[in-house]
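Heads up, the next two complexes both have chain A, just with different partners, chain B and then chain C.
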Partner chain A sequence: MGEIVFKNICKSFGDTKVIENLDLTIKDGEFTVLVGASGCGKTTLLRMIAGIGPATSGELYIDGEEVTDIPPGKRGIAMVFQNYAIYPTMTVRGNIEFGLKNKKIPKSERDRLIADAAEVVGLTPYLNRMPSQLSGGQRQRVALARAMVKTPSVFLLDEPLSNLDAKLRVAMRTELIELHHRLKTTFVYVTHDQTEAMSMADTIILMDGGKIQQMAAPEVIYNDPNNIFTAQFIGTPPMNVHKMRDDVNYIGYRPEKIQIFRDKPTDCTYVRKVKVITREMLGSETLYKLQILSDAENEKEPIMSKSLDMSFAVDEEVYIGVPKEDLYYFDANKMRIRETDMLERLYCTTEGDK
Partner chain B sequence: MKKKVNILRKLFPYVMVIPTMILLAVFVFYPLVNMVYLSFFDYNLIKEKTFCGLDNYYRIFFIQTDFRDAFLNTLIYMAGTTFFLLFLGLVFALWLQRDSKFNAIAQRLMFFPNICAGLAISLIFQWLMDDEGLFNMVLGFFDIAPLRWLNDSTTSLLSVMIVAIWKGIGYYALILLSSVKSIPTELIEAADLDDAGKIRTFFKITLPMLSPQLFFLLITLTINSFKVFDSVRLMTGGGPGNSSDVLVYWIYRYSMEYNKYGLACAGGTVLLVILLILTVVYFRVIGKKVHYQ
Partner chain C sequence: MTQYKKPNVKVLKAKKMASSFISTILKLGVCIMFAFPFFWMISTSFKTYAESLQFPPTLWPEDFTLQAYITVFEKLELGSYLMNSIILVVANTALMVVIMVPAAYVFAKYEFKGKDFMFSILMVAFMVPTCLTFISIFRMFAHANMLNSLWPQILPCICNAYGIFLLRQNFMQIPEELIESARLDEANEWQIITKIMLPMAKSTMATIIFLSVTGTWNSYFWPLVMTISDEYRPLTIAIEKLKGLESGLVWPNVMAGNLVLLLPVIVVFLFASKKIIASMAYRGVK
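Moving on, here comes the complex of A and B:
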């Protein structure tokens, strides 16, 4: 049980306003990921939920209860910090036990809870070690066990994987998803890594400049972005976007939707002649950096393409084509244009160079 | 040929430390050994020194009471200044923790006595604690009977201790402040989320995190307070009677003023042994409970 509701929340540090008039509902039991570049306000939101960085104004409800005046320890939440914040003076057991002792849970009960939590994260053999004797991954698990053992209604995670090496990070990602399935509580996870967001989230909240750019399931946010920011933040390499020939609106297409041909294709809506600038082999797929061969100012920026075909060479001149359904249009304010009649009008301006 | 190079290589480090070793030998090791050696002799710089066994030790411990007084006073001085400097240093460090203009100024002011010469401070306090001095004027203003501070055998040692604490507090607060500030804020926040109250957070998180610094200060403070000399020499001269006499001042008097070198060396040896024992005890007992990261 743990639905989180932000109502008209503002936060400023000194004179700098970080978040203005934010309304947001984080659903109970979901794995919600707050994602955005650093300084976008995502950690600020998380710290508000935790109560360690209260909002300047506005109301915050956890599970229907106003929590503005409730201290962090009484909110029924647990948090995993970016650098784990493990108490270095206590053993692993001491770390996990500390919160329980503060809540005056009897010894036998404590021992049972600790044993359970340690078992789940695989720390049982290390309970009597000091944190300094543990590896990064093990410390991460201590932080998780310490949070879990409190059976919180909301689980807050602040970039918990960013200090781990790449391999461990991917492994922990799966473990966190499993943990969420097991605990079935609300998870709020902050990250700047869109891959993490895409792979773990039930709902992604994409933030920029203290504002929510889009809030949706990963597949929706990928396939149906609201604006250029979302379109370019999610997906690697980012969506190719450039101005259209009317010099007002924008057109965009994902690198993986580009088809490359040696002969000019006839069945694609968007066709351009391009020259291959660089080629990066990634194994299963190949990244091409392409330059559109055109004198138009709006198409000077090179575009990226992700293709399964690795046969195109650097400096080769080829054709690219994008089908109608994979083209995205954005207006002068960088917001998505979804109306089809609008699209019809725009077609003529995007038809390939003659 | 190769062997020769190897020998030179092995000798090289020793050659490099020779200058320091010579200085240490002349100014530290020789006097130290000589002091212990002289403590077994009846010697006053002029007449032939005669071996007298443990006679000097017997005299300072069982015949002359002034050594025992000085010894006890030193213990009281040590315990008092160490405790209050650490305690008040910690209190001030916690108080100065928050960054504000007022705290920045307070911190500088607090450190100020530490950069003043001990001589100047002793003289100033001699004036402040004079029978007609400022302290008594203030007491008189509140209709409290004047104290005789340095001139009363019950308060003279206490007065010297007050000055030492006043002078040292800024330094110890500063060191502890820097370690208080080096505690990651997430730890305190995590404790907050773990529902630990302020007091529990202090005793379970803050204090253990400070223990290496506190331990270091405890050792240096103890050793330094055993060596107290200038303030006693200037402010009370060990008096009235022997009420504020301390070990080093006692040694100084017996060597420089009374020319009783044998006795002075016996006193010095006692001081040396005490400091050695203290250091070993500290590292053995307290060192185990100190958390080093």
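Moving on, here comes the complex of A and C:
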């Protein structure tokens, strides 16, 4: 069991306020991913849960219990650090055992727990090695085993994959998801990588400037973003957003929802004539950078498109179309407008292309 | 483009040989300069009095004798001096570690009011030479009625500012996450120091302890000032008395005494240097 509740949490470093009046509930047993750019406060939140970077004010509950005065070791949590924080002078076994020894767990029980954990992460042959003799991926596993063995009710992971190479990172991602299925405890995972967030999370908490921008399941965050920040943070390349011709509201559409035609389409709400600027082959898909052929100030920025059709050439003039259901509207404060009927009538259908 | 000129291999070889020859000669010279006095000391300590005065001197004793050692141990009663020296070395080093390690840890990893000020005071203490402070320390112990005992030879020496500084620098390089991780592993501060920090600072610790042990063992001035009676004096002062042991200056006696004084230092050095090399090697792997 491990539900985490933040109540009116504030945190400042010196005069800099990092987090102000934050309320948040992280559900028990879920894989929750805190995602955001550097300095958005995500690691700060994680360290609060761990008890190694207490909040300036506010209350924090784990499992319904106020933990402000409970030392880190007594909170029923385990943490995996970005640089793994493996004790370099202890063997792999020593590293995993250290916490158990401090908990005064008897030797036979310790040996059983260590054997189990080592088995799960595939470290059994390496138990007597020193960390300096291990590869990056193996060290990562030591850190995981060390956390697992404590059977915590909350697992905290601070960018645990960022020091691994790309291939290993993808493999470890799958392993972490499996680990979560196996352990069924609360996972709180911090990353700046939206792909990691999308692929692993049950719930994504997207943060910016110490505030939660949106908290939802990955598919909701992708399909139904609350604001321009969320819309552009999730998805690669980010959502194309530009001002509408009223110069107040914004319109947005995802690169992968753009359809490209040689002839002017009739069944799309949003249609523009564009010129292909660059073309990047990704294998299964092709990335086009497009310039809208328009004199309007608001459409000067190039847009990105991801298409399965690789036949369009650089400098070719083509049409793009976006269906009505794939258009997003945002107000002057960059917040999502969900009542879109009037906007659609006013700014899209009537205008068409030039 | 300039033409690549093929180097003359013979000239290069000759140059290389010449430079290695010169460097070997120089190294040898330095070795002899440092080693010869030791050799001379050892050799003289095994000579008879007559042979030690012989001219031209013999390099190695023709008449090998242990007489000088017997004289030194019998006439000087080295036992009580030796005991004092051992007590001082053990007490000074142990108490120094007890004070230095937590101090270095706190200065390296804790934030508290006045930390910088306290550390700068420590640095001042480290920089002021002993010859400036010994009079006031002497007076302090005189007022406390503690002169002429082992105390004034222990208490002023256990706060090793240099050691605290060195160890603090070492501790500062240990990543914060390791300590946080240990706290999450329910380690208390004492366990963090002994299980995490100290094993990572092995070479620094070995160096500081070695310096402290040799420093205490070799100290001459401080015990001479702080004590009057032989009862509380260490070996160094006893060796000084060798000069007046028999009528005239008996070189074999002096050298035998010196060797007895030096032996533990050499042993400690051999032991510590191994440790230092071991911990350096451990670092190299990282």
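Keep in mind that, in the parts below, the second predicted complex is superposed on the first by the 342 of 354 C-alpha atoms of A that agree within 3 Å, B and C clash if a C-alpha of one lies under 4 Å from a C-alpha of the other, contacts with A are read in each partner's own complex, and residues count from 1 in each chain.
Everything that follows uses one rule, which is that a contact is a pair of C-beta atoms (placed from the backbone, for glycine too) under 8 Å apart; a residue touches a chain by one contact, two chains touch by 3 or more.
Bear in mind that the values here come from a model prediction, so they are computed numbers and not experimental data.
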Task: Label the relationship between chain B and chain C on chain A in the superposed model as either fit or clash.
output: clash
Message: Taking the superposition on A as described, I'd like to know which of chain B and chain C A:Phe81 touches: first, second, both or neither.
response: both
Query: So, does A:Pro302 touch the first partner chain B, the second partner chain C, both, or neither?
result: neither
- prompt: Both chain B and chain C contact which residues of chain A?
  reply: 50-52, 71-74, 77-79, 81-83, 85, 87-90, 98-99, 102-103, 132, 146, 150
Field: Interfacial residue positions of chain B with respect to chain A in the complex
entry: 184, 186-187, 189-197, 200, 204-205, 208-209, 211, 291, 293
Message: Under the definition above, what is the set of chain C residues touching chain A in their complex?
response: 175, 177-178, 180-187, 191, 195-196, 199-200, 282, 285-286
- request: Would you tell me which residues of chain A are touching chain C in their complex?
  value: 50-52, 71-74, 77-79, 81-83, 85, 87-90, 98-99, 102-103, 130, 132-133, 146, 150
Field: chain A residues touching chain B - in the complex, by the definition given at the top
entry: 50-52, 71-74, 77-79, 81-83, 85, 87-90, 98-99, 102-103, 132, 146, 150
